[in-house]
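Could you have a look at this structure, given as structure tokens, before my questions?
Order as written gives the chain letters A, B, C and D; numbering starts at 1 within each chain.
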Amino acid sequence: METYWLTGLTFLPLLGALLVLTQSDESSTWRAAAAFSLIPLAISIYLLIRFDPHEPGYQFVEQYAWIPQFGISYHLGLDGISLFLVVLTTLLMSLSIIYSGGGDIGYRPREFCFFMLVLETGLLGALLAVDLFMFYVFWEVMLIPMYFLIGIWGHGNKIYAAFKFILFTMLGSILMLVAILYLVHLAHLQSGAISFDLPNLYSVRLTPGEAEWLFAGFAIAFAVKVPMWPIHTWLPDAHTEAPTAGSVILAGVMLKMGTYGFVRFAIPLFPEIAMQATPLFMALAVIGIIYGALVAMVQPDLKRLVAYSSVSHLGFVMLGIFALNPQGVEGAIYQMLNHGLSTGALFLLVGMIYLRRHTREISEFGGLWHRIPIFAAIFMFVMLSSIGLPGLNGFIGEFLIMLGAYLKIPLAVVFAVLGIILGALYMLYAYERVMFGPITKAVNETLADLTWREIGVMVPLIALMLFMGFYPRPLLARMEPSVAAMLDRVQTAQVRLEKPRPAAVAALDPARRTAER
Amino acid sequence: MMSVPPSWFMALGALLFAIGAAGVLIRRNVIVMLMAIELMLNAVNLTFIALSRSLGSIDGQVIVLFVITVAAAEAATGLAIIIAAFRNRETVNADELNLMRW
Amino acid sequence: MPLWLFVFLAALAVLAALGVVLQRNPVHCLMALVVVLLDLAVMFIGLGAVTVGFLQAIVYVGAIMVLFLFVIWLLNLQTEERRVAGSIGLRFFGAVGAAALVAELCVFVVKAPSTAGLSHVPPTFGSIGAIAEALFTDYLIAFEATSLLLLVAVIGAVALARRATASRTRSPVPVSPAVHEQIGARQ
Amino acid sequence: MMTAPFPALGLILLLPALGVAFNIFLGPRLGRRAVNFAGPAAIFIAFGVGCWAFATLLAMPPGSALTVTLWPWIEAGSFHVDFALRMDALSAVMTLVVSGVGALIHVYSAGYMAHDEDYARYFAYMNLFTLSMLILVLADNLLLMFVGWEGVGLCSYLLIAFWYTNPEFAYNGRKAFVVNRIGDAGFILGILTLVYVLGAHGAWTLAFTDMRAHRDILAEVWAPFGVPVATVAGLLLFLGATGKSAQIPLYVWLPDAMVGPTPVSALIHAATMVTAGVYMVVRLNFLFILSPTAMELIATVAGVTSFFAATIAIVQPDIKRVLAYSTISQIGYMFLGAGVGAFASGIFHVMTHAFFKALLFLCAGSVIHALDGEQDMNRMGGLWRKLPITYATMLIATLAISAIPGFSGYFSKDLILESAFNSGHFKLWLLGVITADLTSFYMFRLIFMTFHGSSRVDPHRAEHLHESPPVMTIPLFILAVLSIVGGWVNLPKGLLWGDAFVRFLAPVTGTYHPMIEVSGAAISLIALASTLLGILFAWLLYIRQPELPGRISDALAALYRTLLHKYYIDELYNLVVSRPLFWIAGPVLARRVDKGGIDGVVDGSALTVENSGEAVRRVETGNVQHYVLVYLFGVIAIAAYYVYLVIR
């Protein structure tokens, strides 16, 4: 069955990017960009409906030889792990372009839309690629538009932030490239055929030493992107200085590329090592959770605070992924979506207030609820989603993650719950200083409440937060088969791991029990 | 008739090449430097032709054709750059056209 | 090629080459270069590369050198002023480098296994037909690439040499004030 | 045991939810009258549906339950939780109390908030709160209960900070939420522990009935700790309860929560939300009963909290603060009942307490309303003539909370103290009796200072002193009646219908088995004597010798100040928790580690590269001839290599 949905999904934004460049005036630029971001959204929703929830493998697959001499194929596929991230990407992209059209981008709108749409192609391609070479290409394609988005349309110390962003990520991706090439080289040696196709690389036999180094190569690339503590410091700068739409995409989708990379590549390719590295990664995740929350608490800048909260939230995601059981991994994927929605919405809101006041300093605000109640109410809602209030989406993800992690290493969760307490603390503390109290600054007396466009951008996010909080089942059910298939690989690896070393069985007892269930 | 060994031609080529190289180094006038480069190219061409004859292969001659083409392209762009630079700086002296540094 | 002819041509080439490098007037330099090029064209023909020799005369002397001449006149460059002190080092090293290069190349010429002589070639060797056959079969891609190169060079030369006009820089699209008024702070 | 599907249970949640949506989206447009009608109506109809369900339940054999599975909620791997409701005897009682008292408070609010501009937001919050509380009590499983559990915490935050322009109020709201979250963290760890252990045995469930069925698993000793699973889970869950129900050590938020509108205090911080912890412990009685350690701890914490809060209450000048500490103290009684194994008695006190404490707060609200916001009892006095209805109803409530025979509080408190004594907890019983004394003392002190004696009211305010409108006094009447008759559902054994309430709950809460049998009458008499002593003291100090309290406080200045400052617990927490936290976060992590450490390394390496480039770029002179020279030497070097090859 030949379908071209995924190709269309991936490359329509690129086409749109080229067409946007031909637009001559500002409003038609925005209209064209919005249209070309809405088409992929429509396609992704169509795919969501057509998606077979019982199929663990890739769907809507497209596979052609691309550079056959080097075993590089054009191979796209969609499964339960990437499905919702794709929808999230298209949704956030549409919303941020529509939002940016409302005055957030003051200059060079044509180029802005161009880079945004190119970025969308990069993101979707990386999510859909099954071939490692393709994945790497799209992975790098993501970086460049984001570099320009931060560097051209950013605020303050934008050049520094853009450089820091690209250097951190480049460092990681170079290591990953080396790892990919070495892995393919090994596959070539062992099977005689050269292939960059992910399923073909599962069967490569590795010595423990090789596996460790290769896993490290992948893991560092992804960990930078996540970002895990202590390689997170590019994130606050990049998030803070980026334009609103850039922050939304950066936080909403790009960070997920790191965690997605772990689920899709690093862990299934090297399950043994992933299993052995679990305590390390869980420890780093927990440190990230607490550290991010604590540092967020003392940030004077609202956007920086949200940025550090991402460090904390992504810590939860990593915690879930390395639980390596269905609850943890599904919770992690769910939390990726939650974080995309809630942090994306928070960045939008901060952008809206920045547009009005040209400052993000918390101390510049106070008593805003009185002036702009709609803004304040929406902010409250989004904040509650972000801190994982039961009944909203954040809770489902956090709970499943904690459940998964608890089944693996209970101690990790004992520390992780501190993150939940601190999460409430830093968010409410900031909210209190911004929204509550009397109006202390005269300029705040004249603030205008949200426009219809801004409300319109927030409504889909809010609706999704409610829906995902009360009815997560349709999402979880579609993730389940793919996650189970991935965990199957981990479990078989575990069996391999345990056979030669009976002593290790006792050490891994809780994990093995999980596997048996 | 063919009493001159090919190595003589190559020696001549080497000599011309060295003279050209020295010219690039010691002249300040960019146009003359460009001429010296043409001289170097021709020295190489001579070597190609001589070897082509010596080996009985046509390849050397074809390559010389390409070199001539490239030289034409190079001269065209080079001179255009010189004109543009002269328009801005009123000079063709190499040591005064040094904005391309750090 | 008889020996005497070679010796004559070689001496002329070296003298003219020195003329290119050492004369102060660019037009004189150019004339000396023309001499070198024609000299080499004769040698090419003598070596059996008849087509290439004629092309050398036509393209180099007829086209490229005339271009040089035009530019020199266009820019009105007659004489080069005397060198000032400070680039003595450059001249010294240039001379030393050139000498070292000549020395090295001579080692090759002397030491390299010398070919017994010139091989016998068919009479059509170096004819237009022979060249064309090689050019349009084995070297077809290189030929196409070269044609592209020439095209690019022409465009580049035009772009570089033409006068810059003010209309080329585009001003950024201004944000309509209404947008800011609509949502911005009313301060 | 019998369960019947009863989809209408969903309505009990749907109606308040609709109320929330209505008040948020349409309230500001449709105006005050619409909101004043819709807000209470949503709860009233929910109460009506609750009554219907209750009647259905009564018609079924004892131990029956009504259930409805609204939709499957979370499914991941083998773990499975439904969005399901379940109404058995326990949740039926709680539902009626929550929606009934809640509805009355909603009506009262319409009058109390008559002059506030933000009425729509207020009623939206109130409806949301009722919704959360109903989810909490109707939840069929622990995780859904947690939704309500956090929901009430949220509403508490929203309502305490309702008058957000006052920064202190906003701070108190946040404090409530964060302190609650600390408890909730314990709660969630408790849930996780249960799933972990049950899941290990293949019982992937959090539904109460299933967990009860698998209680043998919970009784097992858990290897890492050497204690039964029930102890670990129970203690963690109880940590959650201390947060929500304001027990030591997490009680600090409740007194500060009194800055919200008074009906809020009545609804949230007295009648319903704070009893959630008691409800949870009773709901999970099958778990707690497995762990004597946890039970002992609950009883002890409860007894100590009860006494501790009462001592603070006796010196507070703020009328609402007195009631707040009294709430903490009364919840201590409830936990004491649960902790000694008499779960039903705890719930009984929850119910009667809901009546009289709501009444007390509403009366206090009526006083504050009449005095235009004055809360300091030192500026009240002699109000009974001006506010006769308020006075009468508040006196009834005071008699009820002081456990005067015949009033509702008497029956429930007596049952708890009797159970404590008969289970062998003599020290806790004694503490309870002393607390009863303190209770009657501070309550009558409140009555005397507010309504009796000479008026100390600000003359400016005294001018327009008025009794509250009927919309406020009618709920007072109803609650006053309930404060009297509410306790009659459970009389001492053998009297008329006897302990009907306890028997009704028995299928859920289990039956209390006393260790010793001492006549209830004797225990009751001792407690009564203690209570009367308290009233006597209050009369002596505040009616007979009004100058005496001042002299006593002067004589015992240190003790008085300590009590007035609530044992300096807030200050202690601030010093031990809050400040170190901010110190670690700010100077240490944000500046040293993040900026200095990690970014220092990053920027440092970047700077090294930059400096190297700076040094190397000097080579680039820009003079093309220099480049050519270098190039020439490169050529010479390469050629020299071949020369070497040739002449070798």
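One rule holds in what follows: a contact is a pair of C-beta atoms (placed from the backbone, for glycine too) under 8 Å apart; a residue touches a chain by one contact, two chains touch by 3 or more.
No experiment lies behind these values; they were computed from the predicted model shown.
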item: Per-chain CA centroid nearest to the all-protein CA mean; value: A
item: Reference chain B; chain at largest CA-centroid distance; value: D
item: Approximate Å spacing (C-alpha centroids) for the pair chain C, chain D; value: 89
item: Where chain B and chain C are represented by their mean Cα positions, the distance between them in whole Å; value: 5
item: Rounded Å distance, chain B centre to chain D centre (Cα mean); value: 91
item: Computed distance of Cα centres, chain B from chain A, in Å; value: 57
item: Two or more partner chains touched - positions in chain C; value: 87, 90, 93-94, 97-98, 101, 105, 108, 112
item: Of all residues in chain B, the ones touching two or more other chains; value: 21, 24-25, 28, 95
item: For the chain D and chain C complex, residues of the former touching the latter; value: 625-626, 629, 632-633, 635-636, 639-640, 642-643, 646-647
item: Parts of chain D lying in touch with chain B, wherever the complex brings them together; value: 617-618, 620-625, 628-629, 632
item: Residues of chain C that touch chain B when the two form their complex; value: 1-3, 6, 10, 13-14, 17-18, 20-21, 26, 29-30, 33, 36-37, 40, 43-44, 47-49, 51-52, 55-56, 59-60, 63-64, 67-68, 71-72, 74-75, 77, 80, 83, 87, 90-91, 93-95, 97-99, 101-102, 105-106, 108-110, 112, 114-115, 117-121, 125-126, 130-131, 134-135, 138-139, 142, 146, 149-150, 152-154, 156-158, 160-161, 163
item: Interfacial residue positions of chain B with respect to chain C in the complex; value: 1-12, 14-29, 31-32, 34-36, 38-39, 42, 45-46, 49-50, 52-56, 58-59, 61-62, 64-66, 68-77, 79-84, 86-87, 92, 95
item: Complex contacts: residues of chain B adjacent to chain D; value: 21, 24-25, 28, 30, 33, 94-95, 97-102
